[in-house]
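Across the two complexes that follow, subunit A remains constant while its partner is subunit B and subsequently subunit C.
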Partner chain A sequence: MTTMDMTPVVKGGGGPELNKRRRVYKPNTKHVPILATLLLLVIMYSAGAANYRNFDDPSVIVNLFRDNAVLLVVAVGMTFVILTGGIDLSVGAVISLTTTLTATLLQGGWPPLVVLPAVLLLGALIGAGQGAVIHFFKVEPFIATLAGLFLARGLALFINQHSIPIRDKVWTAISDYRIELPIGEDGVVTKPIAIVAVLAVLIAAAVLAWTRFGRNVYAIGGNADSALLMGLPVGRTKIAVYTISGFCAALGGVLFSINSTSGWALQGNGLELDAIAACVIGGVLLTGGSGFVWGTLLGVLVSGLIRTIINFDGGLNSAWARIIIGVLLFAFIVMQRIVTRKAK
Partner chain B sequence: MTILKNRLFWPSLILAILLGINMFTSQQFLMIQDGHLFGTLIDILRGSAPLILVALGMTLVIATGGIDLSVGSVMAISGAVACLLISELGDQNSVGSVLLIIGIAIGASLLLGLWNGVLVAAVGIQPIIATLILMVAGRGVAQLITEGQIINVRSEPYATLGSGFFLAVPVAFLIAAAAVVLTILLTRRTALGLLLESVGGSPTASRLAGIGARRITIMVYVVAGGLAGLAGLIYSANIRSADSISAGSLIELDAILAVVIGGTALIGGRFSVAGTVLGAILIQTLTVTVVAIDIRPEANLLFKAVVVVALCLSQSPDFRAKVFGRFKSRPAAREVAAA
Partner chain C sequence: MGEQPPVLEMTGIRKVFPGVVALDGVDFRLFPGEIHALMGENGAGKSTLIKTLTGVYEIDGGEIKLGGAPVRISGPLQAQQAGVSTVYQEVNLCTNLSVAENIFIGREPRKFGKIQWGKMRRRAAELLARLELDLDVSAPLDTYSLAIQQMVAIARAVDIEARVLILDEPTSSLDASEVEQLFRVMRRLKESGVAILFVSHFLDQIYEISDRLTVLRNGQLIGEHKIEELSQVQLVEKMIGKELAALEDLEDKAQSNRERAAGAQPVLEAKGLGRTGAIAPYDLTIHEGEVVGLAGLLGSGRTELARLLFGADKPDQGELKVAGKPVNLRSPQVAMKHGIAFSSENRRTEGIIGDLSVRENIILALQASRGWTRPIPRKKQDEIVDKYIKALQIRPADPERPVRNLSGGNQQKVLLARWLITEPKLLIIDEPTRGIDVGAKAEIQKLVAELSDGGMAVLFVSAELEEVLRLSHQILVLRDRRLVEKLENTADVDADRIMQTIASGATS
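What follows is the complex of A and B.
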């Protein structure tokens, strides 16, 4: 465990002798988990490249973004919520609701330019409603969002429990569109949904790093009471993060419906757990206040790479993907505990 | 008025109405056939056995302020272990070997519960996250055990667990009832229930008062694991096969719902075993009724969702203060509540 060797830095950094001028490079505590994930990703990629033919093809990495676009978008929204110390269990259900609703409305002949903003708004509203219940009525986040999960999935199943095909021209056109990226010798082809996912990561990272809102999110996650006493808008920020998460889930649902040109109420089942797992593996602290969108990105890539390796191998049972993600989840949570204990 | 204030009044009333509907719509509500009790009521009792068992464990966990998301995966694993071992038996109808295998499967479930308990109490991980690990990985383990297949068994003693009758009553319901009675005796006739509630109220205060909070927390997760394992056995015995994907799928949500309907607070500190049983039977009755009176089954989940939302809100003191106590509370008190 190289990560544990790195952690004692805190003792020097947190003590009174802050103005030590000469410093050797030691990673900041808050970067330790993310560096560990990066290391893991590099090791996994090298192992894959050494063992399987064509694994080092650039398309493997580009396809990671395409195949995990939905998870990436949802996990970005989840990052905001977890940074404030909350949790959002409803995202998978919001995805089902969005895909079902999108497909139903498009089948009913609604114009795509109305459907798209309508479902995104609906997702944001569901998130805002949960945030309001959590803030105003002091309901535990996981209980409030569990109720939201029930409600959204119930609505989705109520609308239609069968898979609905999407024949709308705009949707199928986006689904069939391919983008050529000038990577490698022959270039790599990817889908628009991958670009949307990458954009979501970039925007989220910018918001968290450079805006007042982003700083409020970290402050509330660090200590909500202190944030309140400092005069930060705790309530508004809390409701906003759940709104963002709901919006991202709805966006994920739209990407899902574009990718599969269909809507199905059972889509996105259990995705909330994958998203939480990606955040944790990416070093976002579950107690809030520490973590980066980049970490979440790495977490999504790690879980995607596990599936890719299992696909390349062919001989492995796909059940291993779940088990390995579970083991990684365990390892990273225990690491979080150790890091936070030392920080105290 | 006192009966109206009882927390179990509304769930009981809904249950009575649902049963009433069933009594009129089904031709066979309760009758005796081939010496067995038979009919919709018995179907409800038998079908609710796994949920009662899982919700019972969940009640104890929630009483200590925790939550166990892994119950569905534990159900899948215990069913998979049992069916795999039974399918490899030379004589699948040998009672002794089947009993031994049931013991092994429950032992495995207890170990899984121990793992959860150690993560929560000794390592100090939040319960929802600690049990999430087993929830994610556990289903993978179950799929590995069954190698992604559905294992069918032809063992009469094992099938008895799910569909057998003893003294004209379904065996599955008897098992659940025994577990409930044992739990009530242990928690209400000994100090155990008090200790559980004190740990749920404040683990630190309990520890300072000399209660082994850590040990009690580990114990409830072990019990929840064992009960989930038993529920998994009943489920797989009922369909005479191990289905690692659909066994116990989403049952954690139903179990949490049953616990909440029963009046147990999700923040811990107080619990009601009888309420949980009522909640579990209510959920099962609802499922049966919705099918019986030809409502689209999808409406079931929506109805459950509305119930959960209403119950969660009604459990929040802030909600009650803001919505019902608007005129009673003093402005100063409201300021504090708003902050």
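What follows is the complex of A and C.
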């Protein structure tokens, strides 16, 4: 996939023959992983449509967004972190803390309009705290966010070990609300949480592509030392990405509590690993500096589609979902290695 | 030139590190529209001077004036704002981003907070065109060669309204045509009035591109000259200095050894051995009991040559024979099996393990060659270590002391002991006397002479010419990554003769 034309182009005006120009004709190596994921998705969908009745109904795709809304939102936050070359293990625990706290506060009679910003702020603060520890004390992100994982999970269990039902009117109203999308002949019904998840993807994509902050994220992931020497705000950006990840996790927790109208400290267990897997399958390089939110979206859809296929089949053990994701992860990590090595 | 006032004027710059005066009252001037080479050997104070200018170090004395006004430069960002931009040897850009982004990141043109990609690409292309570069500005930087990356770094530096551009060894990893391209860019910038401070170890390049040069030695200003007023030989003399020291008896000894070395068996023969980009193909034969010295300036390929003989780097051409048999030294382990030992120039980073004791450091290589499954009995260890502590006069003579606490000279002896106990047939020592005091230097030199007396072949690499002259039977002179001359160390060979070769290439 890397065809390079190294023919020197002689420039006019007496320029010496050595003024060579290396034009590169190839699909940008950055896009190879995401194209591979897209191809995989198309193949899986076609296979499903060919083998199962009603699989080609538009609701199958729309429902992917609904069923994976929480994972999608969390994976979007994770994308920011991984793009800087970091990792955030605390997101699953932050979800459990926010659902538990949300349910407890709502049951305690707090107004929903106070609870919502409060829990989102808490998530952002946890993220910012982890980011600050990582930046100022030069702690490995793995360790700092592992500490955050234990802390948040422990707090959630401390608040309540059991499932707490939510009877708040606003929460149940949002949970019961249905949105009709004009897709297909009869239209497709979906939930608000799916819309929120899609909005998160769109906003993240715009931020990463069109803002200085977004480009700084890529620069830091490419080479943090260079970024510093180029005068970029490395510390601020690092703390910001963990803040975003924490915020997204809290938002994921809120979506969870809306969807299930309950809060439970064991919710979101292991979700951080699903989010990381989605990013990797979507072509976001774990070493940082390369990847797109669109890839993360595709990664989430791939894992969702695997589950959908298993549901449609009925005869398959649900363990297959994890086995296939494991195989895909291996395949994609090896592919990333090969692509990045060729680019060198 | 010279009629205009200088854009940069540094006077009486003094910088002191604990125990060392790195810069001692150095003056330095830079005029607009000139390329000025800063010359000096390792430790002369070049990089310290540059770092005071880029704000990495604060000066302890003296004054820096930019455009006539005194300035205090307290950090890299402030230096950039004052108009001093630096491009380092290792390109400090983000290769995962596009060319245009690398030029503009942090300063992207924006509208309502949104980056204007089109405008950015256009401006990047314009800027590169001014440097006679025609690149695809939206391609990732890592699709271009290092030379191009370097020029993108220069484009970035120049766009930040640079009045002074510092190029710190920009050419060390470029090939000839890339250097040519860089020089064209430099000349263009010079015409536009930018003052360029250029550091390079390649004398020919200095003479090709520079207008003036300043020589430093041991933290002191040796002189500022117009390039046409100073020959290469004079320059090398100024850089190295002449300090014909004592130890004449050692020199005599080395001379007398030669007869015996001549009749001895070759330990190692290299034919056409080379590695692209590191060292041009060379022939080399080392006999038993012979000391072969490598002379040349820093960056001339001394270490690179030696590393090929130890399997630390892989040659991409040529052949190598050890004790008459062709060998392929795939790795240092293989070289060790063939009786070759290599004592690295980076004592601290590649040799000594500071937290381990003297005993453990000495035993390390022997243990490695036996394999870790057959530990050396403690009693045997103590015996060996005691023997070498005595023989090399390692002080303090305490085998259990962490090596970290020893002086540089004694650390070097520990390192030597480590290799000596493996009883190598060929000992390669790279810069064994760097950064150690005079007394320890003499002891190590004496040791090398004694080892060769005992029949060991030694390849001795040193930046100090006098030392090479004193110890070697045969001297190889390197220049610009090429072995340019082999000299029998006879009575008529002296430092001047070698400097001549270093300065001007082969002289036969």
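Basically, the second predicted complex is superposed on the first by the 318 of 344 C-alpha atoms of A that agree within 3 Å, B and C clash if a C-alpha of one lies under 4 Å from a C-alpha of the other, contacts with A are read in each partner's own complex, and residues count from 1 in each chain.
Operating definition for what follows: contacts are C-beta pairs under 8 Å (C-beta built on N, C-alpha and C of every residue); 3 or more make two chains touch, one makes a residue touch a chain.
Everything numeric here is computed off the predicted structure, so don't read it as measured data.
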Report task. Using the touch definition from the top, say if A:54 reaches subunit B (first), subunit C (second), both or neither. Result -> neither
Query raised in the report: Who does A:229 touch here: subunit B (first), subunit C (second), both, or neither?
Result: second
Query raised in the report: In the superposed arrangement, which partner chain does A:142 touch: subunit B (first), subunit C (second), both, or neither?
Result: first
Query raised in the report: Regarding the shared-chain residue A:218, is it in contact with subunit B (first), subunit C (second), both, or neither?
Result: second
Query raised in the report: Is A:334 touching the first partner subunit B, the second partner subunit C, both, or neither of them?
Result: first
Query raised in the report: Which residues of subunit B touch subunit A in the complex?
Result: 67, 119, 123-126, 128-130, 132-141, 143-144, 147-148, 253, 256-257, 266-267, 296, 298-299, 301-306, 308-309, 312-313, 316-319, 322, 339
Query raised in the report: For subunit C, which residues count as touching subunit A in their complex?
Result: 76-77, 80, 91-97, 101, 105-106, 108, 110, 113-115, 132-136, 139-140, 142-145, 148, 156, 177, 180-181, 184
Query raised in the report: Tell me, which parts of subunit A touch subunit C in their complex?
Result: 4, 9, 11, 15-16, 18-24, 28-30, 209-212, 215-216, 218-219, 221-223, 225-227, 229-232, 289-290, 343-344
Report summary line: subunit A contacts subunit B in the complex at 87, 133, 136-140, 142-144, 146-147, 149-151, 153-155, 157-158, 161, 228, 273, 276-277, 280, 286-287, 317-323, 325-327, 329-330, 333-334, 337
